[in-house]
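Okay, so here's the structure we're looking at.
First chain written, first letter: the chains are A, B, C, D, E, F and G, and each begins at residue 1.
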Amino acid sequence: MSQRPVEAVAQSPSAIWRRIGGSLAELGGGVVEGEVQACKRAPSGHIYMDLADDEAKVACVIWKEHADRITTLPEPGQLIQARFSRVRTYPKGGSISLEVNAIRAAGEGELLRRVEETLTRLIADGLTDAARKPPLPRHPRRIGLVTGRGSDAEADVLRAIWDRYPPARISVCHALVQGVHAVASLVDALGTLDADPAVEVIVLARGGGSVEDLLPFSDERLCRAIAALSTPVVTSIGHTRQRPNCDHVAAACADVPGRAAELVVPSAEELRTRIGHAVEIGAGLAYGQLRDTAARIDRSAMRPAGEAVIGSRTSRVTLAGRTLDHRVGTATSAIDLRLRDGADALRTALTALPRPEHLDGTRAGLEASATALAHRLTLGHAQLSGAQRLIRARDWRERGFALVRLPGGAIVHDVGALAAGERITIQLKGGVLDASIDAVHPDETEPDA
Amino acid sequence: MTEPQHVTFEKGLARLEEIAERLGEAELSVEETIRLLREGKGLEQALRAYLETAERDLQEIEAGRGLTTFVIDRPTDA
Amino acid sequence: MTEPQHVTFEKGLARLEEIAERLGEAELSVEETIRLLREGKGLEQALRAYLETAERDLQEIEAGRGLTTFVIDRPTDA
Amino acid sequence: MTEPQHVTFEKGLARLEEIAERLGEAELSVEETIRLLREGKGLEQALRAYLETAERDLQEIEAGRGLTTFVIDRPTDA
Amino acid sequence: MTEPQHVTFEKGLARLEEIAERLGEAELSVEETIRLLREGKGLEQALRAYLETAERDLQEIEAGRGLTTFVIDRPTDA
Amino acid sequence: MTEPQHVTFEKGLARLEEIAERLGEAELSVEETIRLLREGKGLEQALRAYLETAERDLQEIEAGRGLTTFVIDRPTDA
Amino acid sequence: MTEPQHVTFEKGLARLEEIAERLGEAELSVEETIRLLREGKGLEQALRAYLETAERDLQEIEAGRGLTTFVIDRPTDA
């Protein structure tokens, strides 16, 4: 923007207005688009209204001749296009207004563009973040419903909730759902329900409609109000080509009332199934436990265990008893035998001892020896006598021979050994003769030779 | 018969499911099993009856700041 | 006859199983065997009777009799 | 006659078997043998009598008589 | 007459058997034999008398008399 | 007369038997025979007298008189 | 006179009989004959005297006189 130097000559407001009027006249006519703010038909038949955008507004007047053709006044908040012929100045009031010949609703594309811009801001502010959205209660004590009074949406949502969950408790707060007052009405209704602690979830419901009809549900004020609520909101807006902005801000959104019901109440059918399931499992387990318990008792049932115990003990006693009985019978037999053997040995020894009679044989032997000796002595006598007899028979004296000896004892064998006068002894039977030789007569012849 | 026990649906259902779970525990006594089953079956009856509820609770609430200045021109729901 | 012994079902069953196990041991005395059998048989009788009662109870419960009564409260707004 | 000796069945049986074994030994004196026989036979009589009693006890138990009486306590339902 | 000698049965019997063996030896003197016989016979008399007593004892035992009396203690049931 | 000779019974008997045997030999001299007879006869007389005494002892023993007296000790029963 | 010759009875008798036989031989000289006769005579006398003595001795023995005296020693009883 370029700076123009301020003119040095001061001008009056009237002069200024004249110059403004001249400039505006140069501007000529055109079409302005804006949101309708205050809009009323004066008793004169003229229509006065303001068109505004976010930064400015401009007053418009539709003279009676044109106003009569407009049957339905645009509603505040409605976006319209107004064709104006010129800009009229009101120097006394210090204002201007556009002289409008005709009005029409703004185009859908434009509406959508604006909705889009709003969403962009909402996203930028983080209001669509899933993280900041409150969780939905599973069993809300009470469900809030914001919808148009007597609308199909109301009936549909109620039916869907109760079909799904008959005990559901619902608080309905009716609101305007289209037109310039809809946003405020909806925000008010939401706030009212949010204030009720029993209401734990709020359904915002409306049937389908044109883009323009549904504009309040994309309205930035409504969206920010929803985000600010402590109670989670579920939106259930009818079929549209594009989801309204409130769907993005809400905790959850449903395309149909049935889906909304699913989001806010549990299914009675499912609950019944869960209940049935729990009971079935419980009963099954209980029966199972009883069966198991009965089986444990059966397993531990007292069998006739005692018989074996007594039986084994009895056989042990019997076995030991048999040994005792055997011992009773044989305790002394071996000893008795030993004693008898001992006694027998004594008797044998007694018998074997030498008796006096044992010497009888010896005595007899001695006697025999004596007898033999006596006999031998007798025999000795006989032998002696025999020998004596033999000897005597050889004795020459017995046969009449004599033996002549010299005095020295020498036997005289030859007369030549003797001389007369010599003394000799002559041995004869019966004795010895001493004699003297008287004469010697030698033999002439040997008589025996 | 003892006094009926008051319980909310949620607590009742939670209790029922807790009972089913407890019945699966090994160290449960027979006595306790029977007691739990008696309670569970009682709960089942009550919960089922509750779900069958016929009377519907609907409350209409007027918005707090009654916008009496509305120009009433109710659009028809499409 | 001595005073009847009071015991819970579970302790009784555990005791019965303990008795059955001990009776399987070799070095048990005759006296102990008889004592255990007397106790075991007594326990078995009592436990079986108890279990029959429990089964009847279960059947009653299945038939919906003798259940704990519950009233499901509708949540109040307060 | 001397005072009767008190003994448990198992110790008595063990003693009887010990006696039987000792009686099988060769070098036992007559005096000892008689003493052991007197003790052993006495033991045998007592043990047999005991076993007969035990068997009667068992029959009683089998017949379900003289069992320990049990009462299964049901914990009171709170 | 000399003092009677005290001896146990078994030692007496062993002595008798020793005497019997010695008497079987060839080189025993008459004097010794007589001495041994006098001792052996004395022993035999005493042992036989003892054995007769023992046999009477055994008969008593067999008839179940004079046995050691036993009482089998049954542990008291607690 | 010469001094009497001391001899045991057994040696005497052996000597006597030796004498008897020698006397049976043919070539014995008269002198020796006489000597042996004198000794044998003397021995025989002495041995016979000894045996007669022994015989009396044996009769005593057989009659159970003059035996060594024994007392069989019975260990006291504890 | 020469020293007496010692000879046993049996040898003396045998010598005597030898002498008798020699004296029967023809070629015996007178001197030898005389010597033999002298010896024979001596022997005969001696033998006869011996025989007589032996006979007396035997008679004594048979009469139990002049026997060797024996004492049978009895071992002292310990």
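Following the convention adopted for this analysis, contacts are C-beta pairs under 8 Å (C-beta built on N, C-alpha and C of every residue); 3 or more make two chains touch, one makes a residue touch a chain.
Keep in mind the model is a prediction, meaning the values are calculated, not measured.
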item: Superposition of chain D upon chain E: rotation angle, C-alpha, nearest 5 degrees; value: 20
item: Central chain (by mean CA position); value: D
item: Chain C against chain B, contact positions shared by both copies (same if over half, else different); value: different
item: Separation of chain C from chain G, taking each centre as the mean of its C-alpha atoms, in whole Å; value: 135
item: Centroid spacing, where centroids are CA-atom means, of chain A and chain F in whole angstrom; value: 105
item: Geometric centre distance via CA averages, chain C-chain A, whole Å; value: 29
item: CA centroid of chain C to CA centroid of chain E, Å; value: 68
item: Chain F, residues touching no fewer than two other chains; value: 8-9, 30, 34, 37, 41, 47, 50-51, 54, 58, 61, 74-75
item: Overlap residues in chain A, where contacts from two or more other chains coincide; value: 142, 167, 169, 196, 283, 286, 290, 293, 306, 310, 313, 328, 331-332, 335, 350, 353-354, 370, 373, 377, 380
item: Interfacial residue positions of chain A with respect to chain F in the complex; value: 350, 353-356, 358-359, 362-363, 365-366, 369-370, 372-373, 376-377, 380
item: Parts of chain G lying in touch with chain A, wherever the complex brings them together; value: 9, 13, 16-17, 19-21, 23-24, 30-31, 33-34, 36-37, 40-41, 44, 47-48, 51, 54-55, 58, 61-62
item: Touch list for chain A against partner chain C, complex; value: 141-142, 167, 169, 196-198, 283, 286-287, 290, 293-294, 296-297, 299-302, 305-306, 309-310, 313
item: Residues of chain A that touch chain G when the two form their complex; value: 370, 373-374, 377, 380-381, 383-384, 386-388, 390-391, 393-396, 403, 411, 413
item: In the complex with chain D, residue positions of chain C that touch it; value: 1-9, 12, 29-31, 34, 37-39, 41-43, 45-47, 49-50
